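Before I ask anything, here is the structure I am working with.
We just call them A, B, C and D in the order they show up, numbering each chain from 1.
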Amino acid sequence: MLRVALFGAGRIGQVHARSIVESGEAELAWVCDPIEEAASTLAGKYGAKWSPAPGDAIDDKSVDAVLIASATSTHTDLMRDAVLAGKKVLCEKPIDLDMAKIDATWEAIKGSAPFVMLGFNRRFDPSFREVNARVKAGDIGRLRALRVTSRDPQGPPAAYLAVSGGMFRDMTIHDFDMARYFLGQVTEVSAVASHNNDPVFMGANDHAQAMLTLKSADGVLCTIVNSRTCAYGYDQRLEAFGDLGSLEAGNMTATTVRASNAKETEAAGPVLNFFLQRYMPAYKAEFAEFVAAIKEDREPVVGFADGRAALVLAEAAIESVATGKVVTVTRG
Amino acid sequence: MLRVALFGAGRIGQVHARSIVESGEAELAWVCDPIEEAASTLAGKYGAKWSPAPGDAIDDKSVDAVLIASATSTHTDLMRDAVLAGKKVLCEKPIDLDMAKIDATWEAIKGSAPFVMLGFNRRFDPSFREVNARVKAGDIGRLRALRVTSRDPQGPPAAYLAVSGGMFRDMTIHDFDMARYFLGQVTEVSAVASHNNDPVFMGANDHAQAMLTLKSADGVLCTIVNSRTCAYGYDQRLEAFGDLGSLEAGNMTATTVRASNAKETEAAGPVLNFFLQRYMPAYKAEFAEFVAAIKEDREPVVGFADGRAALVLAEAAIESVATGKVVTVTRG
Amino acid sequence: MLRVALFGAGRIGQVHARSIVESGEAELAWVCDPIEEAASTLAGKYGAKWSPAPGDAIDDKSVDAVLIASATSTHTDLMRDAVLAGKKVLCEKPIDLDMAKIDATWEAIKGSAPFVMLGFNRRFDPSFREVNARVKAGDIGRLRALRVTSRDPQGPPAAYLAVSGGMFRDMTIHDFDMARYFLGQVTEVSAVASHNNDPVFMGANDHAQAMLTLKSADGVLCTIVNSRTCAYGYDQRLEAFGDLGSLEAGNMTATTVRASNAKETEAAGPVLNFFLQRYMPAYKAEFAEFVAAIKEDREPVVGFADGRAALVLAEAAIESVATGKVVTVTRG
Amino acid sequence: MLRVALFGAGRIGQVHARSIVESGEAELAWVCDPIEEAASTLAGKYGAKWSPAPGDAIDDKSVDAVLIASATSTHTDLMRDAVLAGKKVLCEKPIDLDMAKIDATWEAIKGSAPFVMLGFNRRFDPSFREVNARVKAGDIGRLRALRVTSRDPQGPPAAYLAVSGGMFRDMTIHDFDMARYFLGQVTEVSAVASHNNDPVFMGANDHAQAMLTLKSADGVLCTIVNSRTCAYGYDQRLEAFGDLGSLEAGNMTATTVRASNAKETEAAGPVLNFFLQRYMPAYKAEFAEFVAAIKEDREPVVGFADGRAALVLAEAAIESVATGKVVTVTRG
C-alpha cells in the first residue's frame, strides 16, 4: 500500500481523498491544510493524521507520496520540498501561474530524480481516453484536426477571477493539455476572445468566452471553444477528425431517459453539471495511473514538462489576444 | 409512357395523382370520382380527362392501367372490371373488408392473367426497405424477432369508425403486411386490446390500442404495438432482431435541429405528423415498382394474395380478442 | 450503523457485500456460505466474521439484518429463521420457485411483524426509476402502455437451465415486477415463446425467446420482449406511453464515443454487457432503500407480496404458453 | 407564371431547372449555354427554347427573370445585361472572384432599380433556417457564439483548383455567408490553414483544411471548420450558442436505420454525400423565395451586398493566413 499525504482539504482535496481511499492500492496517511478544521475533518473521515503544516507530512519517512491539491501559489514550494525529501508527487494543475517560478522549481528538483505527475484529469476521462487510443490505433487514419468544446456551467465569482491568472491560464489550460494529448508539440496559437459586455469580466480584464486555433508542427489543426457559462450544464466535448473518419466524445447525462411530447421528441435530461460528477471516473483513473507508474518504476504519462508546456500555450494565447497575431511557440 | 386511370380523387387519390405525374414514366389519363367537382378539379390540374363513371376509363382502350383509390367497398368491382378489360391494376389496401367478396373476386379474375398490385405503401418506405434488404443480406444473421410500432397521431372520427371494419382490418392491416414482409407465412396470432374507457371506441365496439403477437412457421416472433392516438405524432418504427444484431428504423423529423437548455438537452422537433409527409417517398417508390413490374413483365412484389393474407391475420386478431385464445392461421 | 449478515458469497453475494460496505450506513458483520473458502475470502476482504452455517449469524444478537443471496432453494428457510429471530431481511429474487412454499413461509412469518424487502434491483435503476417517477408526476398524462425489452447477452449453461424453473420464473420475473411497478395489479397474461430450434432449449423444454402481453385492471397494456441471447450485449430498455407523450430509457455504453467513417456514422460502442456493470448503481440504491426503510420504520417499497405476485404472473405465462389462452390472474 | 431564362446547363443549372419547373410558380422559358448540346438537351426536357447566346433570352421581352448558373467569370456581365434589360436576377455565388469587377458591376446597375438575389442556398436549408429563426425568436437568449462545420466529401480536381480562386473564395464563401446570416456585420477575421502535405494543394498554393475565427461588432464569436475531404461524406453542421442554451443542426442520412451488433451499436448510415441530395430542398426553397420577393415587390432576403460582403471576408481570410494577423474588416 502506498502511503499518501494529501495537501489541501478543500473541494478538490476531498475528491482526491476519496480516489486514494477507494483505489485499493493506497492509504491516506496525512491531510494537511492551513484551515485546521478542514484538515482534521477530512483526516478523521479516513483515519489519517492531520496537520496545518505540510512539513509534518514531508518529514514523515513512512510517507511515499504527496498529492498537492492546495492553493496554486503553494504548489511549487510543496513540490520542491516533497521531491527533495524523496517523495513521489501528484500535483494539481497548474504548476504555477508564473513561468519563472516554474523554471526555478525545475532547476531545484531536476537533480533529484523527480517523479512528478500533473493532474490533468481529463486525459483520464474514459471517453476522451478512448478517442485518443483509437486515434493512435489508426481508426481514423492520419489525424488532421481536433475540436475541443469546453464550457463551464457557471462563471467564477469576481474574487476568484482576480487571482485566477485569467481564463487561458485557469480554464483553457485543460484544453491546451488536451490539444497536446492529441497533437503533440503545438507550434502556433491564435486566440480571439469576448467579454460579452459583462461587467464582471470587463472589470477583471478577463474574457467571458474565447475561440482558439492551434497548429502542430506537422500541420494538424485544433480549435478550442470556451465559455465561462453554459445554460445546459458542463459542456465537455471533443472531435478528432482524420483521413478515414472521425471520433466524437459527447456530453454525459445522469440517465438514459428521452422524453417525447407534442412539442418535441427524444429530449434528454440536463448534462452532468458539476466537474466532480462529470470527471469522478477520471480522477480515479488518474490516481490509478499515479500508482501504476510508481509501481512500474516509469515516468507518469503526464508530467512536469506537460504542465509547463500547457502554460506556455496559455501565455501564447494571452499574447495573441493582445497583439492580434498568431503566436509561434517553441516549447508548447 | 404508361397511361393510367385514377379512381378516387380524395386525399389519397391526390397523392397518387402526384406520384403518377412525377414518376416521369406515366401520364394521368383519367380521373374518375362520383363527386364530379373532385374529379374535374384533380383532372384539370394535370390535364387529364374526367368522369363520374369509372366505366368510361375502363372502356378507353388507350388506358394501360388503373389505380384504385376509391372507397373500400368499390375496390373489388373496379378491380374485376379493370382486369377483365385487360388493364394492370394498382389497388389501395384493403382489397375489401369481406373475405367472401375477396375470394369471389379472385375466382372472377384468376383466368384473365391478372396483374394486381396491392398498395401496401410501407413496404416501399426507404428505411423499412433498407432494414428488410439488410436482413435478407444476412446483416443480423438469422431473423428471430420483429417489433412493429404503429401509432396514429389522432383517432378517426366516429363516422369513419362505423364503416372502417375495426382497428385490425383498417389500421393494423399495414402492420400485418409488414410482419409478412419480414416473417413470410404467419401461423399464429394473438391480440389484446383496450378501449381506454374512451366512449368513442366503446360506442363503436372498437379499440383505442392493441398489442399483438405473431409467430411464423419457423418460430420467428413479432410484436405489434398500436395506438389510435399519439401525442408526439405519427409513430412508425420497426426493429428486426437476429442472431448477429439488430436493425432499427426510427421516426422522422422535419429537420435535424436539436435544442439544449437549462431543462433538457438534444431535444428534437416533432415527428412528421401526417401520413402524406411521412410516406410520400414510399408512395413514389410504390408507383415506381408498379411501373417497373409492368415493364419487366413480372409479378409485382406485393399482390392480391398479400392483400388477402393480411386480412386473414386481421380476422384472426379479431377472433383472438373475442376468444382470449391464440388463433392458428393457415393462409396468413 | 446497521450490522448485516450476508448469506451467499457467490457473484451476486460479492456485489451485495460491496453495496453494504460502500453504503456508509452499514457494516458487514457476517458472511455465510456452505463453500467455506468463498465465505472466508469475502469476509476477510471486509473484516467480517464467517461461517458455513447461517445459523451462526442468525443467533448473533448484534446482527440487525440479513441479506439473502444464496441459492434460490434456501431462500424461504433462511427468511423464516431470520424473521423469527427478529432480523430485517433483504432477499434476492425469487422468493422461491414453488408457490406452496412461498405461502407456507408467509404463514410462518406473518405474525412476527416481518420486514422483508425483495431484491428487484431494476426498480432502483436510475433511468427506470426516473421514468416511473415522471409517469407518476403526470409528465405523459395517463399511462396507456408499457414496453419492456429485456435480452440477456448470453444464454445460461444447460446445467443452470435444468434448475432455473424456466425462463418465465427465472428471467422474465424481473420484467413482471417492472410491469407491476408501472401498471399496479395485472389481470391478464398471454405469452408466446420460441425455442429457436436450439437443442439446448428444446432439451430443457424451455424457451430461447418470448413475447408477452399483460393487461392491468384499468386497461393499461404492457408488452415484454425477451431473448436469452443478444449479440450487442445486455439489452435493457423500457418505454412508457401515455396520453401526453412517452418516456424511453435506453441502453448504456461505457463511453460516449461515436465513430463515423466511410461505411457508417455515429456508431456507439457496445452496450454494457454484464448485469453487474449495468446495474451496479441499482444495487447500491436498492441497499440504500433497505437501510432507509428500516431507519424510517416503514415498509420497503418492494416487499414479500411483490415477490409472490411476480411469480403468479410467471405461472400465468407458463399456463398461457401451454394452453394458447389469455390467462386471468387475481393476485398479480 | 414567372417566365425564367436559365444561363448554364451544367450540373447546378440542371438543379435549378428542376426547381423552376417544380415550383408551380414559374416556367422555364430559355436555357442558354455555350455548349449547344447541353442547352438543347436540358431545354428539350422541359419544353423550353434554347440558345448558345444568352443575349437571345435577354432580348426576349416575355422573359421576366434570369437565373445565372454559368461559369463564375461570366456572372457579372450577364447580371449587368439582364438588369439593364429589366429582368429580375437570381445569381449563383460568387458574384465574381475580383472585387473591382464586382464594384464596377454595381456602379453599372445601381441606377436601374436592380433586383438581384444571390444563390447562397444554405440559408434556405430547412435545418439551418430553423436554427436561425429560433435564434431570432429568442429561444437561446442572446446569441454568443456560432460554430460552422463544412467539409466536402472529396477534394476538387487540380484543374478546378487552378481557377477556383482558392479555398476561401470558393468553398468557405458559403460559411462566410452563414456567419453573416447569424452574426450580421463581421468585423474581425483570423484564419489558419494547412495543406496537409498534399501535393495537389501544395502545387495550387491552396489549403486542404482551415479553421477560421470571426467576430462581430457586438462581440459574437464564430468558428468555421473546413476540410476539402471527409471520409464519412458531406459534413454540414452548425451550432448556435446563447445565454439560454444551444441549437444544433446535424448531418442528414438517407434513412433512419440504426444497426447494432457485437462490435458497435446505433450505427447510422453514411451522411448524404452529394450537395444536390443534401441541399435539394434548399434549392427549391431558394427559388420559392426568389418568386415570393418578386411577387411581393420587396428585396430578396439575400442580395448583391451579401454576395460582396462574403467575398470581403474571404479576402480578409487570405490576408490573415498570409500575415498571421487578425484582419479587421469594415464592410463584412
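A few remarks follow.
Keep in mind that, in the parts below, a residue touches a chain if its C-beta (ideal position, glycine included) is under 8 Å from a C-beta of that chain, and two chains touch if they have at least 3 such contacts.
None of the values given here were measured: they were computed from a predicted structure.
Taking C-D and A-D together, the chain pair joined by more C-beta contacts is A-D. Averaging Cα atoms per chain gives one point for each, and the point farthest from that of chain C is the centre of D.
The distance from the centre of chain A to the centre of chain D, each centre being the mean of the chain's C-alpha atoms, comes to 41 Å. Distance between chain C and chain D, defined via averaged C-alpha coordinates, is recorded as 58 Å.
Residue positions 140, 231-232, 244-246, 251, 259-262, 269 of chain D each touch two or more of the other chains. Note for the complex: chain A touches chain B at residues 231-233, 251, 253, 259-271. Residue ranges of chain A in contact with chain D, taken from their complex: 140-141, 144-145, 147, 151, 188, 190, 192-197, 208-211, 213, 215, 218-223, 225, 227, 229-232, 241-246, 324-326. Those residues of chain D whose C-beta lies close enough to touch chain B in the complex are 126-127, 130-131, 134, 139-140, 244-252, 254-262, 269.
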